[in-house]
Each structure stands twice: as C-alpha cells, then as structure tokens.
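Just so it is clear, A, B, C and D label the chains in written order, and each chain counts residues from 1 on its own.
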Amino acid sequence: MADWLQLNDWLYDGLDSALNTALHGTPLADYAGFMALVLAATLACVSVLGVFMMGLGLILWIEPKLWARMMDRRGRTTDWRSLWVGEQGVTAGEWWNKVPYGLGRPIGALNRWLNKVMGNASKHPSVERVNNRSWHGAWWALPGFVQTIADGAKFLTKEHMPPTKADRLIYEISPFLIISSTVLIIGFMPFSSGIYAINPELSVLFALAIFGIAPLGVFFAGWSSNNKYTLIGGIRSAAQLTAYEIPLLITVLGVCVLSGSFNFIEIVNFQHSAGAWNFFLLPLGFGLFIITMIAEVERIPFDMPEAEAELVEGWWTEYGGMRWGLLFAAEYMRVWAACILCAVFFLGGWSAPFAGLMGNLGVVGVVWNDLIPGVVWTMLKSLFIFLIFVWARASLPRVRTDQILEFGWRYLLPLSVVQLVIAVILRLSFYDPAGLGSGSAWDGGSGFFWLVPLVVFVVSMAIFIVYSIDEDKDPPSRPYHVHTVEPAGTHVAGSVGGRQKIGNTGMR
Amino acid sequence: MGMKISSKANIAAAKSAVEAIKSRFDSVGVEVSSAQHASGHKRTYVSIACPPAHWLALAKWMRFDGGVNHCSMITGVHHPEGGPDKGWEVIAHLMRMPVVDQKPGKALVHDAAKLSGDDVPMEYEVVLTLPQTDTPVVPSVQSIWVGADWNEKETWDLVGIDFEGHEYMMRVLNPHDSPQGFHPLQKQHHLRYHGHNEMYDDAQGFMRLPVDVDKVK
Amino acid sequence: MAQMWITMGPQHPMTHGLWTLRVKVDGETVVDTEPELGYIHRGVEKICEARDFTQITPYCDRLCYVSAMTWAHSYIYSAENLLEVEVPERAEYVRLIATEIQRVTSHLMWLGAYSPDIGNLTIFTWCLRDREMFIDLMQELGGSRLHYNFPRVGGVKRDLPIGFAQRCRAKIALFLERLKEYEMLLDESTVFLVRTQGVGLASAEAMVNAGVTGPNLRAAGVNYDVRWAHPYSVYDELDWNPSVEKPSSSKGADCYDRYRVRMEEMVHSCEMVLEALDKIPGGAESHYSPGDEMIQSKAPLRAPAGSSGFHHYEDCRGESMFYLQGGGEGRGKHPYRVSIRSPMFITIPFVAKTMIGYKIADIPAIMGSFDPCIGETDR
Amino acid sequence: MGESGQNYTVFNSRSLVEMVGDVTDEAMKATKLKDFIGVLGGRFFNWAQRKSLFPLHLGIKCCAIEMGQTGGPRYDTERFGNGVFRSSPRQCDVLLVNGPISKKFADPLVRLWEQMPEPKWCIAMGECSISGGPYFQSYNILEGVDTLVPVDVYIPGCPPRPEALIDGFGKLREKIIRIGVEPSSERSSDTPIIIGDD
C-alpha cells in the first residue's frame, strides 16, 4: 500500500542529509542525526495539525451553511471582500496613514486596488444589506468561510467575566483540560500511511483514552461556575458520557479484534490488504460507532448537557470571551476527530474506494489508486461522515436525559457485545490469512471476491429491515417512556391545596 | 350546513336554567332573568343580580347542581359616583360546558343540533354590587372553580376588591413591592399626561442604573 | 435528596416571552412550581378607559401579538354588543377569512416556537417561511405585517383586495403540501414521539374547572368550541366541525395530542377559508370601496351610562372575552371599564401545576405545548 | 514602596509579570512598533467584531416576533453574521431590546446588561423600547430603554419591518467602524474618533 506522499520519511531524510552536510566537521556533527529527528518530528506535528485545522475550518463552514440550506435559508455570506468593502460604503477612511514610518502606504495602495477590482468601486456587487437579498456572494470569494474567522477573532477582544462566587481555580482550569485533551487526540490520528505525528504501537488505546478525559473537564466546568443550570448540565454530561463510553470502547475493540492490532496504520493496512473495509464486515459496528460518537461529542439528538431549551446554555453558560470560543472550537475539534476515527476504523482510511474496479481502467485507474495521495481520501471520507452528523442534527429533536441513559445502558451496551462476538467469529472462522497480500482474505477460498463481507452486509441489512417493519397496522396505545419518581399525572392539577405562596424563593 | 344550536333550543335552555335558579334562590333576594345579546346571533344568556352575602351559596349550587363548570372571568369595577348603594361591582361570567372526561382512544363529538337539556352550553353573568366603602370585600369562590383563583388575585391586584377566604392573595401583575394601597384601576388614579404629569408615581428607586452609566458609549 | 429552587427567569429560552417559572427540583424531577407573571403588564385596561371605541382596536391587536386579528375581532364583537350594531353579511365573511388565516399563522408560530424547545431547530425556520406567506395575505388586508387594526365597529375597514381570492387559494394549497413535510419530520421521528407522548397529562374536567379552553381542551377528547357553543359570525353557515383528538391516556391529553389538535386545526381553518371565499355574498372577485354599506354599517359613537356588553370568542389559545361598560368620559365616547379575559393568564398557573412529577427536560415540552402568549397574559 | 507601612517590597510572580509588561510596553512605544501593530490589529479586530454581532435571545413582545421573522428564510440576518441568538448574556455582544420595559423587568434588564462582556452595544427596537410607544401613559411602563441602559441604535416602527432591523444592525456596524471595539473604559475621548478625516 505504498502511498507516494510519505511526508514523515521525506522530512526526516531531507533534514538528516542537510544537517549532516551542513554540520560536517563542526563539533555538532555527531548531534546532526538527533537534531534532524527533532526537527522532522516538529514539522510532522505541524503538518498534521495544519491538515486537521484546515479540515476544522472546512467543517465550521459546512455545518452552518448545510444546515441553513436545509432550513431553506441562504446561510452565511461574509467573504474576504468584507475586509476592505466596509459597511454599505462607509469605510474607516485613510486609516493606514496612522501606521508609523510611512509603512502604511503600500497597504493603502492595496486597499484602493482591491476596492477598484472587486470592492466598492467595482462592478462586482458586494453583499448589500437589503436591496439584493437573493445575491449571496461570488463563489470565488468563498461566501461564509470567513465568518468563522471573524467569530474566532471576536472572542479575543471580549472581556473575561468570571462569576464572582465561582470556584476560580477549577473555573479557569477546566476549559484547558477540555481543550488540551481534544488537541492531543490529533497527535495519534494518522491521515495517511506517511503522515502522522506519532505512531506508537497501541495508538488506538492512546487516542480513545485521551478522548475520555474531556468529560471530566466538562463536569468540573459545570460544577465550578456556581450556577444551577451549569451544575445540572455538568451532571447530565457526566452521566451521559460514562453511559456511552463503554459501548464505544467495546465497538472499537471489535474493530481491533477483526483487524488484529491496536495500531491505526495496521488497521487500515489490514482493511486494504484483506480486501474489505470494516464497514462491510461490521455494519452494526459502524452504526453503533456513529451513535456513541454523537453522544460523546454531545450533539443533537444527545444534546442534553447544553440543552438551550431548559438549561439556557448548559454547562458553558458562565463562560464568555476566548474561553468560550476555545470550548466552542474544542467541541468541533472533537466532532472532526470523531469523523476521522470513523473513517479510519470503518471506511478504510486512505485506501481508495473501488480500487479493484477503477484499477483496470488504465490511466484513470492509475490516477485513482496511486496519484491521489491517501490524505485526500481520508479527508473525503471524514467529510462524508460529518454530513451524517449534520443531517442528524438538522432533523432530530433532543432525547431526554433519562431516556438517553436508558437507551445507552439497555440497548447499545448489549448490541456492542453482540458486535464484538460477530467480530471474533469473523476473525476466527472466515478469515483466510493466505489471501492477505492479494486482497482476497475474505473470499472464503471460492475465488468469488470478498464473499464474506457481501454476505455479512446483506444479512445484516435484511435483519435490520425485518425489524424496522411495523407489523401491527394501528399501533397499540402509545408507548410510555416516562419513568418518574412520583407517577406523573397523579398530582391533581389546580387542586386548591397546591402551595402557591411566594415562600422561600428569595423574592425581593 | 355547519354546527348550529337553534335559537329555540337556546331560549328553552335559558328559560329552564332561570326557572331552576329562581325556584332555589328567589326568596333570598336573587333576581334572575334571561337577557339577550344586542348584536350578532342575539343569543340569550342568564343574568343574575345577587347580594354578595349569598354569592357563595349561589356559586356552590350552580357548580354542583346547575352544571356550571367553567368560571370564565371575574371583573371588578369601581363606581365612586355610583350613589350610596353602588360603590363597587363584581361581575362573574360563568359558563355551562358539556365536557366530560374521556377514556383513552375515545372522543365525545357533540352534534350541535341534537343537544338538549343541560347539555346546551349556556352563559351566566352574576353581578354583585357593594355599597360605597373603602374596603370592598366579596366572598371568594376559589375553592369552587379553580379558574377563579388567578382571576380574583388579578381583581384584587388591579381594582382593590378583597376576596374573603382566598388563600395566598398576592399581586400577580403589578410589581410585588408596589405601594400598599395602590390599585391602578380605581378611578382616583389617572393616566400620565391626563391630569397626572409626574413621570412615575412611585419613588421606590426602581431605576438602578448600571455601573457603566457615565462611561462614553 | 437536597431539593433546590431553580428560577427559570424572565429572560429564558424556554419561556416564549417574559415570565418566570420557579421550579423546585429534586435531582431531575420537578417537585413544585410557581409562575411569576407581570413582566410586560402595560395596564391596557386603564389606557383603554381614555380611548374612543375605534382607538381601542390597535391596543387589542397588540395584546397577543402572534394572533392580532383574532384579538381585535374579540374586542369588536363585544363593542357591537355594547353599541347594539348590526353587521352586514359580507363583512362577517371577510372577518371570518381574516381570523382563520390568522389562526393558521398563530398555530404556525406555535409550532415554530415549540420544536426548538424539544430540540428540532429546522422546523422553526420552515414555519417562519410559511408564516411569511400568510403575513403577506393579511398585509393586503390590514396594511402592516403584524398589527392590522382591520375590524371596525359594524364591519371591516376595507374589503378583500382585487385578486386576493386567487392568491389566497394558491398559498393555502401550497401550505397544505408543506404541512405534510412537517408531519414527516415530526410524526415519523421516534425521538419526537418519545419526548411528547405520555408527557403533560391534563384531563378534560380538570381543565374546564381550571378555566383552560380551546385546542388544549379539545386535545382531551371533547369537541367543545365557542364558535359553535356560543355562535357568532358565519361559522354556522360553513360545513365545519372543530378538530378533536382522542386522549392517549385515562388521565387526559398529553403534549402529542395537543400537537395533533393544532395540526388538524390548521387544516380545518384552511378549508374554512377556501369555503368562505366560495360562499362570500357579492362574490370574492368584487371589491367594495371602504365605508360601503356592504362591508360596514353605521355605528353610534357613544354608549349610555350603565350599559354593558360582553362576548365570548374562540381565540387560538382558548376562550377570550371582553366585558365593556359604557358611559365613560367624553359623554360616553370612552368606555367606563374594559375587562379582558386572557386564556393564557388562566392556563399558565394550571400548566405550572401539571408539570409536577415530570423531569426538567419535560418543562419546555409541557409548557410549550399549551402555546403560552405572554402579551395577552400580562395585558 | 509596596503597601503603606511596609519598608520592604514583596516580590512575587504577579509583580514580575507587571514589570515585564511595562518594560515591553515602553520598548514598543519607543520603536513605534505598538502603533504599527495597534493600527493593523485594531482594524482586523474591528472587522471581526462587527461581522459577528451575537444578539441576546431576549423576546419581550411583538418586536421579538419580527426579530424571529428576520432570522427566517426570507430576511435571513445570518447572511450578515448576526443570526446566532445566544441565550447566555456572557456570550452576547448586542442587547436587542424589543418591547416595553415594565418596572418589574427594569432590574432584570439592568442585570442582563451588566452580565454582558465589555465591548457591548444596545439596540432599542420598536416604539415601546424607544419611548414607551402606545403605552407611554401607563403606570407600569418606563418611557424608553435609555432611562436604564445607554442605547446605540434606535429602530423606529411598531413593529419595525425586518428590513429595518437588518438596517439597524448595519447602522451599528457603521458605528463600530467609527468608535472601535475597545471597552468603554479605555475609550479616552468622549467624541467618536473619525478615522482618516484628521
């Protein structure tokens, strides 16, 4: 599975030879190898973070735009041009004259040229306020992409207002607990066989362990903000994330059992060389992973911890300014990390889809399988998974907290154990190690290519459809999912005895 | 054609309701009559003038025997120049609604034309007049119709007519720390710029200004 | 377990408008509640005592700002009872068309505000999109988007504009298609059913005793509607019966029933408008100039002292009512006393008590299903 | 010499941070680097702030319905960056007052205004919030929000049409260009700075 873009190796070899030749003969010569290693590692980390942040910028644009389009709205149209177009013709005047040493003149010239070419003075209409409502910006100006940058930068200029009686130490620490653990996950996620920050033997264990730290920070944030809403939000978050951590880990265990290793790169290599993606071998696992990941990153329908309806903003009500900005970015980083994990586990990471079919198309096959680097495939698959996340957010309401926990413990946990058993059976009985190299490990010796994944996929789809058909035409009297301490409805509403005095509510 | 209670059924129902109340309460000075709306379909309704002392008895009878199960509204009116025996007025609007609890999966669909007897919906207007007094008091029907609960609170809050026997009487619309005797709908209070030009008539210092009020915006 | 009071304060995403719900919570379960109203109490009843009978209509528009047309008509029918005015047939039809379009708009605003309470924000924007269609229709009648000042004592301000019937039929046809989209997104989503079924049970008799009427009552299985119980306007000449929903539990209607009742009511209102456009005397295509005796009859300006008039009216949220006493200042041109019955002022304390026993996450689901409108509550 | 009555200075990390801060500030002022970064950075953060004005999720009366309609498909304010309605005042920049302010809501409104982080603005939307509107004679309504909170933009109308609300936000953006995004305590002169004219 040689992907031509081996970034890590290039970096190391290039720096190694450069430093050796440069430091040859100087006292530092024998340290050249070590310095090359350090420099290569940092550059690899920077490139991996760069790819991740580019993806993050993309999803922060795609989510609001796609959701707005589903809502029949135009969505964001702020584009680069708004930097020099100002407001409806009102601009900040010749502000560059204030830059010392006359260094502002080139900026002024650039501003004038940009306004002439595509700004106030040009024929390209910028986004007017009201009169051309239907116009939503030229495509090449990436309408809406810049909005996330504007939101992010705005948080920097906001005043930091911690609540007076908050537990200041934990109030300050918990956002960084969440943000740092989220950024740390990127270190273990490979984007291609040659692009990764670090590739330890058990990288899956590392990644999921770090993924589980953030709920602790969420609970601390909720508790320390000295606000009843955030307290309830924090407790809900703690309960929900523990309820969904276990099915998630068991599902991932199933994948690792099937692929035979705890290393991301080996899992992907196994999927490629064995000839079938885990999606086809463990469709139940794919479904479980998506559901538990939506719950892990607290998105609708598992949105209870920050349910705007009753908890104002949930656990981050008391955070404003840059702390809230970073928490907001951290939430989307966790979503993006979840999408990449899903792509790597189930959709065969950086291996091109339909490799076999496209392979025998001559030039197109060569471009498809070899010329397109693995990173592009990983990103495309992650974006596809992200569309599922946004689709779920746009169409489903929130599930109540006790129903989330009930669903997690009573349905997902047994299902994930069943999925683990399926993985073990597939690995032991149907897997043929001889065909590993030639991509025919799953054809069951009959030569019919990947017989097993096809059968597994068809069987599980059939089971799913059979279960989802609702036999009884008129449904029984509606199911009740309300389990309350005091049976609901027993309180005779409006009975005069009800206490209606203002009482101890601290009214003025 | 649509759902329609014939005016004949309406008049018959009103007459029977008036007879029932008259037979029970005539001796006690409760005048009952069936009046008619002035415009539209000219529906007849039962109009009762009841001395405040008998209001509780009348209410209990109407609720449990007359089938009047809905208290629509209780209004208080202040008549400073209404002569010695008409200082305050409490008007209660009640309704008889053919509503019964339903079993799950069942719905009671009335056919307007075939309704008869006590099932015909009927409007009641009970007028209680109080003499000129500084402390108007009327017995409370909170325990009979739950709907009357917040109506009475609002009437005391805005007009100042007290309801004896009303639990947890509190201000519901005006701020909780309005001055003690301040009931705005009494006629001695005027609208601003209508014979009363003071900006706000209470100096409780509601207007706590924010800390950055002097800063440049 | 420690119980604590939570103040869901005046500014809170759950409360549509400004009011406070103090909730005593034991863990996630609601133990006791206390509503606190009066945050936008404007003293409309006091101001109306210094206004003429025609000047009061704009104040009644601004009572419940989501269904301005129904509230203005509720006042006008009471004023006509006070001033003893006959209303021409065509004016009654125009009024019916205006109020039923407003009822659909009000229910759309309810659905748009209710679905974000449960978590689905897409429906909010869909409802606003379809609400714009009906706002355009009423803008043709009343002139502005939200408050129309359309009815007059004795008739209506102006007749249906030319081409109104054709536009109205087209928009209603499109809306009935879009209603299927809403039902696809809500009724077929198990999460919505799980959040609304069996939640917020209120039985029919308890509701009537507590003064709750309208769609909330019809959800409990009885088709009681003021439009046929105390008939006014021309509802009895249209082939119409109120939407009623079979209650899902012996303890009464739950949030899902109230949702179903309002969805049906929207369809019934649309059909009523289409039928009224066909049956309107003088034809929907003709247009009479304002003040024409076909759409407005002469009305006296003054009411004698001691005269009174009241009228029960079916508002989108329940039974609204105005009680007027004549003979105020200006030799009777102003009313002596205006008393307004707001259905939600009575319903909110009742709903606050029905929440006891449910979870915190059910509070917005239950309160939102009763469609609170705080403008009319605080008057 | 530290606190009064002490003849020794307490040396801790905070004073170190402040001392280093002052030294670098002086150095940058001397080499005019502070102006260079200040002007460029000022313009960028000014652009960022005015392109993402989060209004508070506060619905008082009828103008709130028009505010909702403005967020709808036909008038979509999210196109201009102010479509995100946050419910917590900590995360908002604009207090959009859209209804009459009664005495009961006076104190909560002031508390909301104080809870908002500093570069904050207030828009009075509709007649009721500008001057009490049709209820100016009422015993319970304050005549305008500016009796309580300093208001930046007034949007007349009862209720103002969605185009007027969008234009109101536009006026606020023009004002932000002029007066900048520094917190009001740092704004030196009380006359708004007209950049480029001097």
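Basically, a contact is a pair of C-beta atoms (placed from the backbone, for glycine too) under 8 Å apart; a residue touches a chain by one contact, two chains touch by 3 or more.
Source: prediction; values computed, not measured.
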Farthest chain relative to chain A (centres taken as mean CA coordinates): B
Between the pairs B-D and A-C, the one where more C-beta pairs touch: A-C
Whole-Å separation of chain centres (CA-atom averages), chain B against chain D: 46
Separation of mean Cα positions, chain C and chain A [Å, integer]: 44
Inter-centroid spacing, chain D versus chain A (mean Cα positions, whole Å): 33
Distance from the mean Cα position of chain D to that of chain C, given in whole angstrom: 36
Set of chain A residues in contact with two or more other chains: 71-73, 308, 312, 477, 494-495, 499-500, 502
Residues within chain B bordering two or more other chains: 104-105, 146, 149, 174-176, 184, 189, 191, 194
Residue numbers of chain D (touch at least two other chains): 57, 72-74, 87, 102, 104, 137-140
Partner chain C, residues of chain A touching it in the complex: 67, 70-73, 228-229, 232, 300-301, 303-304, 307-312, 394-403, 477-482, 484-495, 498-500, 502-506
Footprint of chain D on chain B - complex, ascending: 174-176, 184, 189, 191-194, 199-202, 206-213, 215-217
Chain A-facing residues of chain C, complex: 4-8, 12-14, 22, 25-29, 32, 34, 115-122, 125-126, 129, 185, 189, 191-195, 197-199, 201-202, 206, 209-210, 248-249, 251-252, 256, 349-350, 353-354, 356-364
Touching residues (chain side chain C, partner chain D) in the complex: 9-13, 16-18, 38-44, 46-47, 50, 58-59, 62, 65-66, 109, 112, 124-125, 128-129, 131-132, 135, 145-147, 374-375, 378
In the complex, chain B residues that touch chain C: 1-5, 37-41, 43, 69-73, 75, 77, 91, 93, 95, 97-110, 112, 121, 123, 125, 145-151, 154, 158, 171-175, 184-185, 189, 191, 194
